Amino acid sequence: MQRKVRIAVIGTGRMGSVHVRNLARKIPEADLAAICDIRLEVAQPLADELGIPRVVKDYHELLADKSIEAVLIASSTDTHWFMIKDAAEAGKAIFSEKPLALDVESIDVALNAVKKAGVKLQVGFNRRFDHSFQRVREIVASGELGRPCILHIISRDPEVPNIDFMRVSGGMFLDMSIHDFDMARFQIGEIEEVYAVGNILIDDRLKEFGDVDTSLVTLKFANGAIGMIDNSRQAVFGYDQRLEVFCLDGTAVADNEVENTVRKGDRSGFHSARIPHFFMQRYAPCYVHEVRQFIECVREDKPVPVSGEDGRKAVVIGHAAWRSLRENRPVKISEYD
Amino acid sequence: MQRKVRIAVIGTGRMGSVHVRNLARKIPEADLAAICDIRLEVAQPLADELGIPRVVKDYHELLADKSIEAVLIASSTDTHWFMIKDAAEAGKAIFSEKPLALDVESIDVALNAVKKAGVKLQVGFNRRFDHSFQRVREIVASGELGRPCILHIISRDPEVPNIDFMRVSGGMFLDMSIHDFDMARFQIGEIEEVYAVGNILIDDRLKEFGDVDTSLVTLKFANGAIGMIDNSRQAVFGYDQRLEVFCLDGTAVADNEVENTVRKGDRSGFHSARIPHFFMQRYAPCYVHEVRQFIECVREDKPVPVSGEDGRKAVVIGHAAWRSLRENRPVKISEYD
Amino acid sequence: MQRKVRIAVIGTGRMGSVHVRNLARKIPEADLAAICDIRLEVAQPLADELGIPRVVKDYHELLADKSIEAVLIASSTDTHWFMIKDAAEAGKAIFSEKPLALDVESIDVALNAVKKAGVKLQVGFNRRFDHSFQRVREIVASGELGRPCILHIISRDPEVPNIDFMRVSGGMFLDMSIHDFDMARFQIGEIEEVYAVGNILIDDRLKEFGDVDTSLVTLKFANGAIGMIDNSRQAVFGYDQRLEVFCLDGTAVADNEVENTVRKGDRSGFHSARIPHFFMQRYAPCYVHEVRQFIECVREDKPVPVSGEDGRKAVVIGHAAWRSLRENRPVKISEYD
Amino acid sequence: MQRKVRIAVIGTGRMGSVHVRNLARKIPEADLAAICDIRLEVAQPLADELGIPRVVKDYHELLADKSIEAVLIASSTDTHWFMIKDAAEAGKAIFSEKPLALDVESIDVALNAVKKAGVKLQVGFNRRFDHSFQRVREIVASGELGRPCILHIISRDPEVPNIDFMRVSGGMFLDMSIHDFDMARFQIGEIEEVYAVGNILIDDRLKEFGDVDTSLVTLKFANGAIGMIDNSRQAVFGYDQRLEVFCLDGTAVADNEVENTVRKGDRSGFHSARIPHFFMQRYAPCYVHEVRQFIECVREDKPVPVSGEDGRKAVVIGHAAWRSLRENRPVKISEYD
């Protein structure tokens, strides 16, 4: 029997608790040694429920524990960069939720520390682990459809999040589209230029901090392909997650999943179910797969599937999209070199 | 330029007028010489509209006209058999609507006359000309899916027809399922035994003449395959016409067509259009194809695609289904030899 | 926090190990106290992996343990009936895999013991817990589509099982269709008469013990509806599990699930994934739901969702189907009263 | 019986012959008086086949004929504008194929003549008459889905046309996207700004005249909505024609039609047919509907459904798209005022 990887989770909020549950129940290769949250009242019941032996308030305690090999960082966005830095300096393998930071400077501090320490860092771009998006990539990568020409990503949330979160989230392109920028790179490769349009069509409160709730971002890829990302903060029929890679000799389309397969026919036609409500439903298996793969990479000392550089690039593209929207012009990614 | 086949149509009611319009406008290889109906007030305006040169009340006039090569019989069911006989004796090529007759004896009189005269007779089993059902047959016949094991036919009308028509129609199995018996033979081959169940679940008025409005007929084929026909007189969402041939190495399924391809998504899920309302919508192209092919067979002296024997067999199976339902036992087709 | 139900599992083979894993990891309301298998070499590693405190070889040990409130029986079919009897006499709540037995007499012995002891007995008809089939039932039960007229169940395994298993399985109608007989009762209600046809079209080895691999069973329901069950031992494209309840004012159709949502378009058309391979993939959530609901019923002393009587009826219908096939006649269920 | 509209067709090439056949056979409200083509050898056989009484080489002859009320112009693109002008001056109602001209100046000459003469002019944007696109518009216009937020149009030809045609066609945005610009206006309303990206990914011969074969055009609408048009010259699986209007309270999606409804399942999954090959297959009914509606507008003196101004606007947007692509910047439509 293979050894288990001893890991601790920092942050037990919405995403953190998902990772904690997965590590405790669904990833037998991991040994969940401890969880950490400044809100002990949140972390303790979770530990009790799952039989996790240790709960701490200060993440430095975990970093100081030599028996812990890896940490999963799922605390609030503004803390990711320095926790990564600290964890790297403590020699831990690191899995961090996205985004690494909202500003590129902080990311660079974190990545330099990681590089210097020679530790592994994987970023939580969970959608790369979706079986349908992976199948599209596999088809395209096989070459059977020839050169990729056009990429389409539709990615719409079911409802506008809490306005206080919105205010600090980095806005449409750094909070939401960032997943799609990464998906675009995953499917096609490097992006050279973006052009973003957007508007407030759903929630006027966004005006006060300059965000948009509806956007289209055009992408030019280094290999000549072009692409388009469609984002909205409100799709009342569920979490709208679709993708197409249109190629010279065919196309590969990943459609939405369905809540159930029932069609009801009546005098007015046919009626079918909503699509899964949000990311917890649609991407539940991805959260397991990504961490499971991280654990395996740590255990077998293999390169991680989503690098710190991938995390950085998505943020850079997000900034370029914001600049494009604000200046109403195409923006080259090289402006950020 | 090839010669045209001079043809006349007998009967200008619902089906007759469809054939008249198709011959006049969509089948350039035909020369529609005349139409016949005892109700001149129905036939004359149709002839005027389409520029058909001749209208007669008595079909014998057409049979006497040596310049007319073929007749299409679309008069009421009870007249088919003797018109076929008369037309055969007059040496005409014959296209007759289904059923050839409700009783096998009359059919035999007609078929004997056809045989004796050596003329062509094609029966109007229009569904054989549907592009999806043909595609299924092509797939199955190619052998790529291996031996056919199970046949499913779902065939449901949108609404109960006029009760006066129902009374004389031959009932579920001779009026409606007859199409499906023919389709079963078209897809799989000869039927050896049937078992029918049925009930009145829609329209209680059917009780008075012993008809059913809902039925399932089990089929045993000579080649060992088994099959099932599902019929209903009322599908409120449209004309439900589906088919599956399940084989040893796969399956071929023909689904319903759609009225339009629009899906509307809202809070309650997704909504799509009804299926085509009835046979005039769903099978419109088949009515052209079947007659066009008949015309071609006449012109080039080739065997017709749906023979008189096919027409007879479907009626025999219909009678067997009725006997099965009434006696609640499986009935061998050989009981009718 | 609510008390947990202490339960033990008897039998850790294919189905048993599924239940063991679910109880250990996915059903927090259960306290998995012990597992039992005559093959200790199978049970022990499972217990080690999941941290189950006790492993026994003889199920009587578990029945003697007063701290154990419930047992889940997933041993081989021929043992179900007497284990149920013994467990009932020991006062345990019982969850038993289907079928309760292959012969009705043994079932009656078991059910009498259950009745006398006044314990709960739930039968493992997992498909009743499928979200799509439940949704169909919910739609039909709401009455919005009017009276149910026709039921269709398509239920085809991906591949012929091991021939040694086949030999003792009870054959098509008691091993495989039994699920569909229960589903038919779940969707529509009591069955009064069956007519079965079947054939060996896939695997000639079945001849030696009189089984079939392809069958159609016609059902007459007490409420006047009619139905059809389509079974095959080999669907090469996956585990084909579909259902339609066609009603007076509409229809409710549960289609297959998909392995992924990708469609690939190329010169020859569009290509999509296989359906889930077999029951472990398609019905994985059902195995959790059914046992979770059983645990809840025990904990809160509520009636179980699938009764011993349900288990008995499905077996009776299976026998009627065999008699129908062998005698080639419709068979009334009342012949078994 | 209502009077017929006497009409003549100018140009009997690919599109012209479609209109001629439709007028002769499918639009009973029209009286096709004559057809005109400088290639008499093309027009004469068509007239013979369809029984059209008159064939002329010079369109002035038709304009001089007082008995002719309307003309349908389907000659080569460069002739549309002056034929419209001449026809207007002769007092004819005019149906013209798109584009009215490749340059806005010529269009203005034509439109001024039309305005001065007070005659009707309808432009051949056939897709407005597609039943699915009309259904989307109807849903959106009903307001039930709330404000439109995002428009997507996917419009891809099956194969690169003849290179000689490409050279004079006006290129991607004036030949092909022009239909989509009109569809965007039809669905959402006026466009204020465009941004186009494009590339040569399919056929390198396009380099010599500066065309592209793959493009994405971002649209900003006056009402705040945003949109995207996806065009390609080669979709090997057929004529890819899809549309989505995503709204505040839902979405309306028109998917592709299918060649047939058959799905074949085998070991590798499910396989379905290509989509209709090209516009002649997909939009065949639209060509009838648009002209039929034109005839009705002439007969009953109603406003035409697609105006000369609609024809002009699509060309202006096409020019803006070209400017945007060449200068790599968003271009306001108001630059063309």
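When the chains are written out, they are named A, B, C and D in that same order, and each has its own residue count from 1.
Methods note: contacts are C-beta pairs under 8 Å (C-beta built on N, C-alpha and C of every residue); 3 or more make two chains touch, one makes a residue touch a chain.
Please read these numbers as outputs of a predicted model, since none were measured by experiment.
Engineer: B-C versus C-D: which interface comes out with more C-beta contact pairs?
Structural biologist: By the number of C-beta pairs in contact, the winner is B-C.
Engineer: By mean C-alpha position, what chain is farthest away from chain D?
Structural biologist: The most distant chain relative to chain D turns out to be C.
Engineer: Between chain B and chain C, what distance separates the C-alpha centroids? Give it in angstrom.
Structural biologist: Going by mean C-alpha positions, chain B sits 42 Å from chain C.
Engineer: Could you state the distance in Å from the CA-based centre of chain C to that of chain D?
Structural biologist: The computed centroid separation for chain C versus chain D comes out at 58 Å.
Engineer: Return the residues of chain D touching two or more other chains; collapse runs of consecutive numbers into ranges.
Structural biologist: Where chain D meets two or more other chains at a single residue, that happens at 235-237, 249-251, 259, 265-267, 273.
Engineer: Contact residues on chain C for chain D in the complex?
Structural biologist: Within the complex, chain C touches chain D at residues 235-237, 259, 265-274.
Engineer: If you look only at chain D, which of its residues touch chain A in the complex?
Structural biologist: The touching residues are 147, 149-150, 152, 154, 156, 195, 197-199, 201-202, 214-216, 218, 220, 224-228, 230, 232, 234-237, 240, 246, 248-251, 328-330.
Engineer: With touch defined as at the start, can you tell me which chain C residues reach chain A in the complex?
Structural biologist: 25-26, 28, 49, 131-132, 135-136, 139, 144-145, 249-257, 259-267, 273
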